[in-house]
Amino acid sequence: MSTTLDENVNRRDVIHIAAAAVVGVGAAAFLWPLIDQMNPDASTLSFASIEVDLSPIQPGQAITVMWRGKPVFIRNRTPEEIKASQDTKLEDLPDPIARVLGPDWGSAPGSDEGRTKKGHENWLVVIGVCTHLGCIPKGQKAGEPKGEFGGWFCTCHGSQYDTAARIRKGPAPRNLDIPPYNFMTDTKIKIG
Amino acid sequence: MKILSQRHIRTIAASVTAGVMMVAASAAMASGSDTNIERQSWSFGGIFGSFDRAQLRRGYMVYKNVCSSCHSMNRVHFRNLGEPGGPEYTPEEVKAFAAEVEVTDGPNDEGEMFKRPGRPTDSFPSPYKNVKEAAFSNNGSAPPDLSLMGKARGAARNIHWYMEPLYWIYDMATVYQEQGPDYIFALLTSYKEPPALKISKEECAHHQGYKFEDGVCKFEVIEGLNYNIAFPGHQVAMIPPLSDDLVEFVEGTAPKTKEVCEKDPEQKWLADENRCSMTTAKLARDVAAFLMWTSEPKLEERKSLGVWVMGYLLLMTVLLYLSKRALWRKVKH
Amino acid sequence: MSHHSTYQPSTGFTRWLDSRLPILRFVDDTLTTFPTPKNLNYWWVFGGILAVCLALQIVTGIIMAMHYAPNTLVAFDTIEKFVRDGNFGWLMRYMHAVGATMFFFAVYIHMGRGLYYGSYMAPREILWIIGVLIFLAMMATAFMGYSLVWGNMSLWAVTVITNFFQSLDTIYQGLGTTLVEWIRGDFSVSNVSLNRLYSLHYLVPFIIVGLVVLHVWALHVPGNNNPSGVEVQNPETETLPFHPYYTVKDGYAIAAFLILFAFILFWLPNYFSHPDNYVTADPLSTPAHITPEWYFLAFYALLKAVPSQLGGVVAMFASIIVLFFVPWLDTSPVKSGKHRSFIFKLAFWMLIFSFLALSYLGAKSPEGWYVWLSRVFMGYYFAYFLLLLPLMGLFQKTSQQPASIEKSVS
């Protein structure tokens, strides 16, 4: 007797459960476009990478380009600047990590070669946002203070970066980040 | 034997009279407009429509080589040419198209605006600095931006008022949303000689807009305008932009033999040059399709998502109906 | 109808919550156990459908607002950018636009149901009045929403509609002009106008939500009307709990409604809009035929039917004002059209036909027989409410009505 009742109940309920399940799946699927529309759109993503022509930049000169809303410092380092950076020992650095944006951001060693591209050691490409509280350090233009280490000087709270844009003195905890970039030719890089 | 009784004759007479009156009345009240835009068949029409990539590319060539000298298209960016659902050029081809044009950028550190080669993120350049320059350079009529032209025009019909509701139903049933391209195709292929009526000078005076000249009653086209059957008012400022073979096939895309070439009635084989050429109609058709894409770049995504959504909704409706029926079976209602 | 709450919180948490904020009890009373007449037919599903439409419009509207900027220089562009570059931007935009059309489609059927079955009669007069207020708010919202696109039709529609008040100058010199300039914030429709249209377009839907709450409350006091027009006498045999009977039935109807919605959304998204609104607003170029969206066409026909500007505006407003008085204009002792005279049924369907005819005529230029026919149908529209409803009821006998709901379904 009870089995028949159970069977009847089961058969009756299947359609209701099926209907509810299909409605639920549809409601969930419907939510995705509502959420995804807040993600960066195609126009924003098209500016995710930029190409920069390095040929006009003379040794000792630097330019600033905007990338994903942030300034990127590109400096053509002089041999002296390169040597000063390469001669620094990792133990002397407050932050010995390379800080290259990507999977190794927290681990790769912050030597000069860790922060530049092989064969293009004169080029330094860093995100120009102080890792202390976000100000833009000075040192890009001739005449601006570069700090004791010949790199950049953040006037907000006195952080000083060296010629590989690594923090040496002051309250900033980390070296300036290196954005993902590649050399397309000897004189052109693609950032992002 | 009487076949038709008095009553029958009266009924038939009444019906015939009513019928004649209806036809007469409808003749007097005929037409929604005096133009009739033909409905064309497009690959992107219908429930499962999609763009013909080769056609979009040919259409882009027509826009680039012919239309862009007067018409801007500033909502379209070069990168759109490589995105799915459109002509789908490769990233290299997109970069090359962009680099062909010069774009104004700046101000630079000296405060000056400067020119640089285009990039994929740039929008299609405008031929004029602003709308006033556009109008000044074109007899007072600024050529409109073409980005949305596929949706900014309707297809006028010359039908009786009582046919309208029938057409609404027909249009909905056949999901007719290609009025824009139909109009554009019609416009580009409807440049004709203004009509000349073979009537007397006295009769000609009764026709508004006509002038008796050289023995014929000719429609007077206003100075600077061109006679076009599709355009509302029949006089359009744009000079006929297309002609046969005005734009050639891109290297390697043309049909190679006369048989293949002329399978498409809007293509013509040029025997002396041994190549396939496109007629005005073909160029018009291709550019109209391209303009539909620029207006609705997400058309394919929309229709394909629609198929899934509709399938799901049909399933959901059936299940909910069965659920409702099961619940209500025992209720007397 | 208001029934004793039967909610029994079963867990510790629900008991705790119930004694502090009886929200679950409220949901149980109004949506679960609420006794609903068992003989409701499918004309009754549109309330639930309208609730879904309102929710959808608000959700898609808030999403559109994340991408839209109400400045005449960029408004049109921000919408186009979202549609072209945004993730599912085209879907959000078309859902919002097609949603407005579906909203009005449902509301007209819902109102028609009310008119046919006498749902406006005592004790549901307030329910009906709140409904007309919701309809007015919907019209305002839809009109303002269309203007935000800032296409050429948007600009000229706002120009024409705000010009209405200019006609008050004929009553008192300067009154109309002052009012028009106050509404626009400028001498002509401009960026100043657009900004306030946006603010109000965002606000009024939430006023509608409040009105809907009152609407459902006013419904729940006497309970639903039903096709027989006879009130519930024995809740036990004549009503069913709203859940699961009407939640599932409404769910089925909503699914069917969504099929129609999806068909238009995915394959005819621009069918109900005007190509001229894909051209940016140009104060120096008036569209060849200024026409509102289809759901306003009947009122537009009334506007054009009367030769004077002020008269047209009065006729248009009067056509909605008259609805407020329907509960008192109808003298019939029998509620439901189902059990009313053949004359009533004929008159009712003539009203529907008049509304449809006026909608057709609203899209035509005001000349020749279009205007004359508009006057004829306008005459009928007002005659229905002001003459026929009062008179027909006087001759209506109650004998055709069944004695109870139970009797009507057996």
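Every chain is named by a letter (A, B and C) in the order it is written, and numbering of its residues begins at 1.
One rule holds for everything that comes next: contacts are C-beta pairs under 8 Å (C-beta built on N, C-alpha and C of every residue); 3 or more make two chains touch, one makes a residue touch a chain.
What you see is a predicted model, and the numbers here were worked out from it, not measured in a lab.
Enquirer: Which chain is most remote from subunit C in terms of Cα centres?
Expert: Farthest by centroid: A.
Enquirer: When B-C is set beside A-B, which has more C-beta pairs in contact?
Expert: Answer to which pair has more contacts is B-C.
Enquirer: Subunit A to subunit C: how many Å between their CA centres?
Expert: So the centre of subunit A lies 52 Å away from the centre of subunit C.
Enquirer: Centroid of subunit B to centroid of subunit C, CA atoms only: how many Å?
Expert: For subunit B versus subunit C, the centre distance works out to 35 Å.
Enquirer: What whole-Å value do you get for the distance between subunit A and subunit B if each is reduced to the mean of its CA atoms?
Expert: Whole-Å distance between the two chain centres: 47.
Enquirer: Two or more other chains in contact with one residue: find those residues in subunit B.
Expert: Touching at least two other chains: 313, 316, 320, 323, 327.
Enquirer: Can you list the residues of subunit C that touch 2 or more other chains?
Expert: 84, 91, 244, 248, 251
Enquirer: If you look at subunit A, which of its residues touch at least two other chains?
Expert: 16, 19, 23, 42-43 - these are the residues of subunit A that touch more than one other chain.
Enquirer: Report the residues of subunit C in contact with subunit A in the complex, numbered from low to high.
Expert: Listed in rising order, the residues of subunit C that touch subunit A are 59, 63, 66-67, 81-82, 84-89, 91-92, 244, 248, 251.
Enquirer: What does subunit B use to touch subunit A in their complex?
Expert: 77, 79, 83, 119-121, 312-313, 315-316, 319-320, 322-323, 326-327
Enquirer: For the complex, which residues does subunit B have touching subunit C?
Expert: Within the complex, subunit B touches subunit C at residues 29, 47, 75, 80, 144, 147-148, 151-154, 164-165, 171-172, 175-177, 179-180, 232, 295, 297-298, 301-303, 305-306, 309-310, 313-314, 316-317, 320-321, 323-324, 327-328, 331-333.
Enquirer: If you look only at subunit A, which of its residues touch subunit B in the complex?
Expert: 12, 15-16, 18-19, 22-23, 26, 29, 42-43, 46-47, 51
Enquirer: Can you name the residues of subunit C that touch subunit B in the complex?
Expert: 38-39, 77, 80, 83-84, 90-91, 94, 240, 244-245, 248-249, 251-252, 255-256, 258-259, 262-263, 265-271, 275-276, 278-279, 288, 360, 369, 409-410
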